[in-house]
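There's a structure below that I have some questions on.
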Amino acid sequence: MVSSEMASSVLPNSLSHTRAGIHISSLDERILKGQTDSKERADRETTQEYFVNMGPQHPSTHGVLRLVLRMDGETVRDVIPVLGYVHRGMEKKAEYVGYRQQVHFTDRLDYLSAVMGNWAMSSAIEKAMKTELNDRIETIRTIVAELTRIQSHQLWWGVLGMDLGAFTPFLYGFRDREKITAIFEETMGGRLTMNYIQPGGLMFDIHPDFVANVKKFISYFKPLIEEYEELFGGNVIVQERLKNVGILDAKSAISLGVTGPILRASGVAHDLRKLEPYGVYAKTKFNVPVGTVGDCWDRYQVRMQEMRESISIIEQLIDNVPEGKHMVMKFGAKIRVPEGVYYSQMETARGIFGIFIASDGSEKPYRMHFRTPNFNNLWAITQMAAGGRVGDLVAILSSIDIVVPDIDR
Amino acid sequence: MFNSLPNLQVSWEVISVSQRVSTTYGESPILAVVYALAAIVAIILFMSLTAMTLVYTERKVAAHFQCRLGPMRVGWHGILQSIADTLKLLLKEDIVPDQADKAMHLFAPVLCVLAALLALIAIPFSPYLAVSDMNIGVLFISAVSGLGVLGILLGGWSSNNKWSLLGAMRAGAQIISYELSATLSILVVVMFSGSMKFSEIVQSQDQGWWIWRAPVVGLVAFLIFLVASTAEINRTPFDLAEGESELTAGFHTEYSGMRFAFFFLAEYLNLFIVSSMGATLFLGGWMPLHIGNLTFFNQVMDLIPPGLWFALKVSGFIFLSMWFRWTFPRLRVDQLMKLEWKVLLPIGFINLLLAAILTLSGFYFFPGNS
Amino acid sequence: MNDTSAQPTRRIPITGYFARIFTGFVSLLKGLKITFHYLSHPSTVVTQQYPENRATLKMAERLRAQLTMIHDDNGYHKCTACHICEQACPNASIHVAERAKPALSKTELDTFIWRLDSCTFCNLCVMVCPFQVLQMKSTFESSVYDQRLLIYNLSRYAGPTSTVLAKQADDEARKNAVEPRSVYDGPTALNGFFLAGIPKELLVTLDRKGEV
Amino acid sequence: MGLVTEKLPPMIEAFPGGPAVLTSIDAVINWARSNSLWPLTFGTSCCAIEVMMATGASNHDLARFGAEVARPSPRQADLLVIAGTIVKRMAPRLKTLYEQMAEPKYVIATGACAISGGPFIYESYSTIRGAHEIIPVDVYVPGCPPRPEAFFYGLLTLQKMIREGETIRKPGERRKPVLAALPPGITLEQIRAEMIQTLEQKAVVNLNG
Amino acid sequence: MDSAELQVVVGALHSSLTFREKSDRLSVVVPSDQLLSVAMKLRDSEPLSFDMLCAHTAIDWLKDEKIELIYQLYSTKHGHHLMMSVYVSRTEAVAVPSLHTVWQIAQWQEREVYDLFGICYSGHPDLRRILLEDDWKGFPLLKDYKDDFMLERPW
């Protein structure tokens, strides 16, 4: 799995070529370039650097990300991410299907915040068509989006534990996540990919037990966050593993286009829910947690705090969900977005999910581009991981909280 | 085996299997050979049964730590799970990578199991059940347990896989480092009991176990031993050699089928050995729990056969190890070294020094006849 | 990469060698306490034992795992073969085959082919249907050894809708207008029709007399 | 598989009563194999969360089947669960992974993408339309993604296949039963006789070929 | 800064800038040769300070025989957005200046646009395919991309 990958990569490259006067490189060339460096180094310092492949099948790459590592003993000198192992051509596919059908593709981008993806797509279409929504729709959307954020962070917490070598947090995180998926299943009919938020409203009205179940979940989950902290965050090994690891300063974070909890951990209080409120966020009170150093520990803290803030948002909204219709558009109607270009974005659990639509006025988009948070976030790893250990790399990868299909689209 | 109830006044007499064989040899050589063969078969059976039980226990205990049930569907509460796993592993295709060093690849897992088997020799399970009660038992185990790491190194190197090699190197560095601390903490006990013979070490604890009999020093030595031994057998939080999330499967990445099963076996045997050592050195081995002058209590404790005492202590130790494994995350490789060289080793040395002072001054709790 | 010395770093307070060991030790004990709590309380086990609890297992009513066509008590459906669901399906998992020789109406449904193997359960077909013919059910036990078994025909008969049939005078006339269809019937699934993802040579060819 | 499963069967078969012995050996081996399916940690997209993670989590607990020992190395895994989309770039890697696994190995394709390409069958330039185009698949678990219970049903289906369809007399060949159980809402009579016949003819998968 | 004010400030950067209609936000069209300098100014001038490149993509306008490169800019300081577009010819392969010196993330976003549209960027340190294999033929997001593998929807 590892050695065979390597063999193909070190072959003399023949895939590099020139196009329009520009040299187009290839993966082989990129790796070989690193290797000459390491030979020079070997002459100088007598240690020899070597390359290893991490992925595409590797337990800690959260799917099929491949990282080519230039290593010096245990130390990672250089990370070359290789993408595309789940590139499904979603943007091409989007040009062939109607606007209403687009929504369920967003489920399959960042599947851990599927509802927020649905929302981003629906609101992009609604904004382009200037559809007004009622308060009920907006409130329910906000509540389910925050529930999604919690479940996404729960999963992240568990997976971080697993990546650091503790299996138990993973199962505790999942145990509590199941409570949210049960609520989702009851209302939306799906556990992971729900296709719930539709242009013009919601696919179903909330289940009669929804409010009661959400309240039950909140009272169940509140003390558990503290338990999470005690079991995992307070643990000296975890702190040693995360503190001062993978530091990303605010300036490079912005330049790298990093968004979401990672940007906030670097000390930039950038949260679209606050800056450009959508849904009913403007009516709610919540804080935007920010970090100071920008290391993995800050990212851990920011996400833990975000879970608490999400709970407080839900608490503020759950008691008075306004009455009204759950759908304001006629469902069967085909959607035609007026001609023009539109870009709208939304804060998902991992950062800004932007949707760019170029419409020629027909039933299908002329061009659809998904600005996915993970694509930009991933590249921060080239800055964060260099100089660390393999163990650090795993912690950093986990603290970025990548979802590979979201990167590859 | 446990028929005759020993009482307090009689000192424990240890008869090992090797002694029995040699005594029988004088009477009838054939019988001695048969006896020895039976012993070997018994040991192999015992070994595989122990490992299988341990695997099953670990899976069940881990499951309940994690609010789930664990194996349930193979036999009553999944009790036959380990048997199914073993059978499957034995019948699985045995892959040797093309580029691997075939002889070494074959030899490595055998070496691992061999080391564990050899270590098993010296441990006294009860006064009547020990393979060989040698007078340098402690030294023997320290030496033999070093052999296991050779197997891991060989396995990692011969697989011709970078992750394997990385895992093996980690294991090598880790085990050699932690050997120091483990030995230092063992030395404390050796110093107190004045012997390297396991049976004598156990007998020296008839008035109280070394973990509390030597004030503080014993406890510190025990804790150091706990940490160092967990590291020596590559269990979380020190499972760097096979850390899944970092090194895919570490040194045994390229192993499949029976050879992988051997590594698995060695891992759990090592857990058993380390726990037995901990129980023997610090918790009094097969010695019952005695508290000072509470004669009635002590007599009640004597009713429990020594073999059971030993098993209880070992299972306690093993449970502790499992508890650690299912609670803690893993350390990073440099932190691992830091913990050993900057924390455990200095404390170990100071502890040894204190132990020397204590031994010279003869200041023990429950001063006994040692 | 870039200058790391300029980056801010977290300063870990140096509070004495033994103090740090002690606080670290305490933090480990806290974690041990939590896991032990769960071990010692078997009531915290949350596992649902699926094959054993099958009799009592209740799925959420909205759960989408199987598309079905609603048939009334007489076994008649309301599908007019209008192809709206077919167009709404994002990946052509639905194929509505019209009857070659309709008996009573202008268009009649022959087979309603639904590909469970490619359905994404987006629920759009159910929502867009003007006659509420379709329904999502929570039947999830549909694993198979052969992919072709995942291609279903949802209609139980080829023929006109229940409303048209209701206008018929007697049972005999109704029976003449319809033709029974089974689950694995259909021009798409089993008749050599090209299906993406299923190699042609694997498709079972069934000859049904005089149709399609 | 070695000596036991390749050389031994013909030898035993020659003895009187040998076939009966072989049958009981088969039963024991298949029992062990079906109850110890260690999956490879492999998942490409959404299905991995439901099928690899949620099933392993406390609420559903794959460990009940003895299958929670997820091996990160294909050498030690028995079960390859294809959870998620396989694209052109991943296809050769998937094949490598499958080839690296030691016999006997089993493959479950879960979710629409792995069975047929799912949402990306048409108009996608990179999605492979079904994992069976690359490696032989034993059991298909439909869903997008399938519920953990649905995956367990798939696992039971696979266990049934192992128990019924394998014998050491013919190593490397396995016979698939036609039906896992009755598909919902159908009786056996409803499935056409021709179809069963055709399926039976193609049900033996030769893994050596 | 609202859209109208922004238009005045951005318009003053260079005489050749025009503004795009039918867009939901201010959208400036930059000639290809001015791209790098305008981008620098957009990032560095204090009232604008567009320090983040949110997204970079392209549209293939088949009828006009042009490819439009789109840059979504955002200022974390002021919180305003700007869409910047550059038209390049789609018939002949021409090079566009790479913006990775202005925004680091451009390096990877440009690789993606190269991968899917075949736009070449001059001055890019490591221009190669990112999502597809190195030996992939053609650029799939072009409207006239043809592929034997790709299937058309049958109904």
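All chains are identified by letter, namely A, B, C, D and E, in their written order; residue positions are counted from 1 within each chain.
Quick note on the criterion: a contact is a pair of C-beta atoms (placed from the backbone, for glycine too) under 8 Å apart; a residue touches a chain by one contact, two chains touch by 3 or more.
Computed from a predicted model, the values in this text were never measured in an experiment.
S.K.: With chain centres set to the mean of the C-alpha atoms, which chain is at the far end from chain B?
M.R.: That would be chain E.
S.K.: Can you identify the chain nearest the overall CA centroid, using each chain's own CA centroid?
M.R.: Centre-most chain by C-alpha means: A.
S.K.: Between chain B and chain E, what is the gap in Å from one C-alpha centre to the other?
M.R.: 64
S.K.: Centroid of chain B to centroid of chain C, CA atoms only: how many Å?
M.R.: Centre separation, chain B to chain C: 52 Å.
S.K.: Quick one: chain C and chain E, Cα centre-to-centre, how many Å?
M.R.: 40
S.K.: Using the touch definition from the top, which residues of chain C touch two or more other chains?
M.R.: In chain C, the residues touching two or more other chains are 28, 31, 34-35, 45-47, 49, 51, 63, 90-92, 120-121, 196.
S.K.: What are the residue numbers in chain E that touch two or more other chains?
M.R.: Correct list: 132-133, 140, 145, 151, 153-154.
S.K.: Which positions in chain A are in touch with at least two other chains?
M.R.: 1, 58-59, 84, 87, 89, 92, 96, 104-105, 168, 171-172, 175, 178, 193, 231-232, 235, 237, 252
S.K.: Per the contact definition, I'd like the list of chain D residues that touch chain A in the complex.
M.R.: So the residues of chain D touching chain A come out as 40-46, 48-50, 53-54, 56-59, 72-74, 84-85, 87, 89-90, 93, 96-97, 100, 119-120, 122-127, 144-145, 147.
S.K.: Which positions of chain E touch chain D when the two form their complex?
M.R.: Within the complex, chain E contacts chain D at residues 132-133, 140, 145, 147, 149-154.
S.K.: Could you pull out which chain D residues touch chain B in their complex?
M.R.: 1-2, 4-5, 28-29, 31-33, 35-36, 41, 57-59, 61, 63-66, 68-69, 71-73, 75-76, 78, 100, 102-104
S.K.: Going by the contact rule at the top, pick out the chain C residues touching chain D in the complex.
M.R.: Those residues of chain C that touch chain D are 45-51, 57, 59, 63, 65-66, 68, 90-92, 115-121, 139-150, 182-184, 190, 196-199, 202, 204, 206.
S.K.: Taking the touch rule as given, give the residues of chain B at its contact with chain D in the complex, in rising order.
M.R.: Counting only chain B, the residues touching chain D are 59, 63, 66-74, 78, 80-81, 83-95, 244, 248-249, 252-257, 260.
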